[in-house]
Amino acid sequence: MLETDRNQLHKLVEEALPELDMVIGWGQSTDSFQTTPVFVRDAKQISQLTLGPFCSQNLTGYLVKPPALDAAPKEGAKPIGICVKGCDSRSLVALIQEKFLTRERVRIFGIPCRGTVDWNKVGKLVDLSNVKSATVEEDVLVVDDSQTTHRIKLEEVLARKCYGCRYPNPLIQDVTIGEPATPRSTSIESSYRDVDRLDAKPLEERLDFWQSELDRCIRCYACRNACPLCVCQDKCIIESREPRWLTQRVGIPEKFLFHFIHAMHLAGRCTGCGECERACPMDIPVTLIKEKLNKIMEERLGYSAGLDVEAVPPLLTFNPGDTEI
Amino acid sequence: MAVKIFIATDQLDSVLEKLATKIDLWIPALLKEDKSGPTGFIPYEPGKSPVFERQTTLPTKKLLLPQVETLLRFEYKKDPEGGSTSSIVVDDARQVRPTLVFGARSCDVRALITMDRVFSQGPYVDPYYVERRKNTFFATLVCEQNDSKCFCSSVGGGPADMEGSHLKIVKLDEGYVVEALTKEAGSLLEGLGEAVDKAKDTKAGKIVKEASKRIVGDLDTKGCAEAFRNRFAQNDFWVQMVSQCLSCGVCTYVCPTCYCFTITDETQNLKGERMRSWDSCMFSQYTLEASGHNPRPTKLERYRNRVGHKFSYIPEKYEGILGCCGCGRCIRSCPVTIDIRQVVGNLKENSNEQ
Amino acid sequence: MRIGVFVCSCGTNIAGTVDTKRVASEALSFADVVYATNYMYTCSEPGQQEIQKAITEHGLQGVVVAACSPRMHEPTFRRAVEKAGLNRYMFEMANIREHVSWIGTDKEANTRKALDLVRMAVAKLRFNAPLFSSKAPVNKRLLVIGGGVAGIQAALDCAEGGMDVVMVERKQYIGGKMAKLDKTFPTIDCSSCILGPKMVDVSQNEKITLYAASQIESINGYIGNFTVDIRKKATYVNWDACTGCGACVEKCPSKKAEDYFNEGLGQARAINIPFPQAIPKKAAIDAQFCRQLNGKKCGVCAKICPVKAIDFEMKDTIVTEKVGAIIVATGYDLFDYSVYGEYGGGRYPDVISGIQYERILSASGPFGGHIRRPSDGREPKDIVFISCVGSRDASVGRPYCSGICCMYIAKQAILTKDHMPESNSYVFYMDIRSPGKNYDEFVRRAQEEYGVQYIRGRVGKIYQRGDRMVVQGADTLLGVQVEVEADLVVLATGVESSSGAGELAEKLRISYDQYGFYMESHPKLRPVETNTAGVYLAGACQGPKDIPSSVAQGSAAASKVQSLFAHDTIETNPQVALVNERNCIACGKCIQVCPFGAIQWKELRGGIKKAEVLQTVCQGCGVCNATCPPKAIQLQHATDNQILAEVNELCA
Amino acid sequence: MTDEGPRSIAPADGTAADTQGIKIVGFLCNWCSYGGADTAGVCRFKQPTDLRVVRIPCTGRMDPLFIAKSLIYGVDGVLVSGCHPRDCHYAVGNFYARRRMEAFKAFLPFMGIDTRRFKYTWVSASEGQQWQKVVTEFSEQIHELGPNPGVRRQTGENSKVSTGLR
């Protein structure tokens, strides 16, 4: 099935490439299991494109981050092709909604997603230091570590965000590759289980939890830079000296404030793609912070980001009849 | 005759506990209660078991160059009558305690060659670094767990490379053979562990020998300095190489040899401190000039600098030393799996094409 | 920065519970503070000179005064430091009176708090920067909203002064409530005789543009430069052509339209000119009652109209006017008497409101000035007046005194006796409020000269007995229950805010109190100003008022406008948002949230977009600053750094 | 003008500087609540002394991050007060503020920060008595909660690296 889909993708990209500036997709990294973003500018590169549960990166950020592409197509500029999963498509919607991109600027190769692999989880079951090959057979991940062949149920090693995924199929796209996927979640409750689990703990335990988690933060800003909606990039106030919100210190208060800033700037905008958490080298569940805010937005203001290009993010508007306190 | 002891696996904790009474002891450990979770060096605490099975996520760098360190404290003194500032009192008194890192790897220690060259061998000597360096000892594990991202042999090191180490640790099935490589280090081992019997010694020797023979990594760094110079202005090449880059600082922060820092003063009312903290050439602020101009405006220039710094500028400036220890951490931690080996390898590939 | 701190004792107001000497001496140890002193009255002339002297002698670059509220004396001290050569924004105030000395008695705690506030003020000041006003032209045209007596007075005063005036009245005529009155207290002069000429002046004055049957659609801009959209409601009569001849009214076959002007006592035609002296004297069609507009065959008026002014296709239109100042004179409404079920207002035709009785008394009213009962047209003999219907009664949400009812009851009772010497008038009252000039004498005349019987007490119930009304109440002075049989009962309905006052306030961005009356800037010292610069108040929209007060306030508001219009330009407030283009990421969120449309796109070389603040339109609320993710837009004088500096002093 | 930004905060030794009692920061809009606090003062309505007022033009200026900053770094309580809804001097500033603060208030406890340390309210310039009530009740609540430990100032492992200084 994967093979068919991949062939279909190659064929579609091949057809479209002459009209496009490039196609951003996933390809094999230098190791035998992870993918890396590839930028197909030349037909020779098309064969690099792959898809499937290893394609974890959300590529939409590349559309708006430096070296930046202009939101408004310049005279004669060709659109950019991009491969998106369901969650990635929400980021794309949000970027179009916030006018960082126009819909015409992108040619969207939509890929229904059955979940992406979290290699940290695989690493708990298999020694990943010398993987020879990793493949997917239906719903099983097959990892050959040059001594044994491990067969792991995909369902056990998916990224945390996937278990609460309500939108596995791209919400905007020009073409679809493969069959639609079935959502793993259809309700608020089942989408925010991890949030509820932490919320169920006493306040002190929550503080302890975040203190010990955020203690590991090394302020490398991978979470921020991986976020497709962290559009400030080089102008981020976490580093800015004018105004100056934070010092260079690496005490827990600084890390708390850093993550508060990140979260508050995404409040009502975060599409829950989980890139921040995936990018974190220190395995801090940073997406969870944003998930809580997403839940608040959804429950209190009936808003989920990245579903509607016409919608106004809830904190950029108001309703005189809003309830309070 | 070098001091050499054997520590049985079940004795490790008690030996470390004793060792910790003699010197500040740091061990590689889990930073999260999760056996595949991130690891780094932490101060030894009884009962805390060291993680020797895999390379740590974070290197030993912070022991010599902390992420943030206070260089000095200062206080403005005011004339109680007139109110204007009349003097400033500066306090940069330092006190560095001897520290032993138990369970470093050869790559971690190899990185010190670069660090030493920059911080202690002139033209500018950094007293903060030098003092720590003098007081920090490394007990280095002969490495058997290199993975697909390691390439220490490619940059002049190797799994059993003991250059710069003070103690050598060889892990056997039943325990550890620890050998002092310097006299000073030998005194640390006094009264600890058991004598090493012949069988164990032989076993350890065999392990070391095998490790020494192992070639880790197949990157050929010869001529890369020059290749880089040739590639410098080839924008297309760099666009190809760094399109994925997110411009985050992971690679530099997990790197044992990235030593760039920034200095800031933090003042509250009349008191303040001057701090030195890690900086990263991946960040825009790194080269941002006061005028607002930034000579490295995009990730292209920034990533190019990182590669150039490690494989061209440092070797050309410092007698051929590379700015890379081949630990592979930047590859492992990169959110978009950029592989510096591939970039360096490509420097030479078809470099005459354009 | 060289900072001076001046700690005011304010006599004993501050020094009584704050150790001001200690505050001054400890302030000397704060960073950048090079001079600190304590003074008895810093706001006094010698106090201000002290500051100016210190600025010169100690080369101060910034000044902190710890004293009363900045809402009180910030302008005073800003002027003082400016005189000594500092920029007025290099000044901060620590409020150690209203926020410290007056609210706590623990001297030690107060002193510590005062020190913190001074520390915060110093910390903020270290991030202050000189700010400079720019000048904006003043459009010397005035908008008056509401054509009652207050609005008329204001409009005429300004027109007299040579200013162009735009008057908007939502009814089809001007004159407001006063136009409906028969006589006015305490002089018993004829209401239309004194108001009529003024109304005519409005219509004839070339400086005044009148939009009757019109409402405010929207208001944008700021003092000196407002843009107002006015909705001219469809009257179905082309007023440019209409001569007010009244032929259409006479022939209109729809005779059962509501007679708003006569408070429902009579019946009007669907096309109507409300009263003979109406200004503008133009006919308008009440669409609810017009046959033609309701799909029936008619069109009589169109046929009869000699100037072909009837236009059944007419739609609302929007006109835009640009003005420099706005006087709000939207008046009041009267309380709905049916809320008091026990009085039977609305159920019994002979229980009427004071304003209805006013129409009955009026010679232009439904009965031609003869007093008759609405039920059977019979002349009443016994008339009961009940005061405080919808005043001073918290149970109906009207705890305030309407101020005019006692007086108009007395007037109506006197007029009743004048009309019908044989009649008896009774007044049930709670207290008599008659504080105006000649007012109390007037009430006494009603009682003594005209024999009006005043009964102190509330009425409990009114019911019908035969064709008469029985009024049951208590006489609290005698302590007995009383029962008065009456032919007519007049309820002195109280004053409430005009319907739609809230919506208009939101358009004007002014505040209103819980009853819907507009808030003046200061109850004593700024009685006609609002907190929105360039918007002034006149008349009962600000609170219940009688005619003399309304007229006085109309003139007062007019004088404020004239002093504003005496200048060709005004200084803009420099405490506005400013974009640091270097940090702007062109996300447009500031543009999206700005309540004033004060931010727009600017294109730099190479087509790079950046946000740009229109300094004169920006009001300085700071919503953009709070919204901007990279904090590229900073509200001057309340920047992130300034607020953080204050917060940091407390975090330490 | 000093060249360094707002300084930060944590004394290097990690101790709280003030031991003399509770500190509450109040962000008050200039037009309503600051006036309300003035009115309370003019009327001599007695209030606890813990509140330190920062004057802001409008609650719309209120970035929730100021609250985060205060609570993370150990201010004991944060009180934000502005004009009643529909009464904003800037027409709609407090409508924006209400949403932002409401979301923030719901978010705080997730991070382990006691949401009772943050309150927002509406007090007009005429409501001196209401202001007294708000300040008194909030101050009492904060006293009950005691000093805010903030978040732990020092990190578990990084802090143990010898800083080089005594």
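Quick notes
All chains are identified by letter, namely A, B, C and D, in their written order; residue positions are counted from 1 within each chain.
To be clear about the criterion, a contact is a pair of C-beta atoms (placed from the backbone, for glycine too) under 8 Å apart; a residue touches a chain by one contact, two chains touch by 3 or more.
Just so you know, these numbers come straight off a predicted model, no measurement behind them.
Chain nearest the geometric middle of the protein is D, using mean C-alpha positions. Between the interfaces A-D and C-D, more contacting C-beta pairs are found at C-D. Averaged Cα coordinates give chain C a centre that lies 34 Å from the centre of chain D.
Chain A and chain C have CA centres that are 54 Å apart. Between the Cα centres of chain B and chain C there is a gap of 72 Å.
Those residues of chain A in touch with two or more other chains are numbered 233, 241-245, 247, 249-250, 315. Counting only residues that touch two or more partner chains, chain B has 31, 67-68, 264, 266-269. Chain contacts: chain D has residues 2, 4-9, 11, 69, 73, 86, 92, 96, 100, 156-158 touching two or more partner chains. The part of chain A that touches chain D in the complex is made up of residues 195, 198-199, 203-212, 215, 241-247, 249-254, 256-257, 260-261, 263-264, 267-268, 289, 292-293, 296-297, 300-301, 314-315, 318-320, 322-325.
Here chain C touches chain D in the complex through residues 1, 32, 69-72, 95, 97-100, 102-106, 109-110, 112-113, 116-117, 120, 126-127, 129, 502, 506, 509, 511-513, 519, 531-532, 575, 593, 595-596, 619-623, 625-627, 635, 638, 640-641, 643-648, 650-652, going by the rule given at the top.
By the touch rule above, chain C contacts chain B in their complex via residues 2, 28-31, 33-36, 119, 582, 648, 652. Residue ranges on chain C touching chain A, taken from their complex, read 580, 583-585, 587-589, 592-593, 607, 627, 629-632, 634, 639-641, 644. Chain contact summary for the complex, chain D toward chain A: residues 4-10, 14, 64-65, 68-69, 72-73, 85-86, 92, 95-96, 98-100, 102-104, 106-107, 109-114, 120-121, 150-159.
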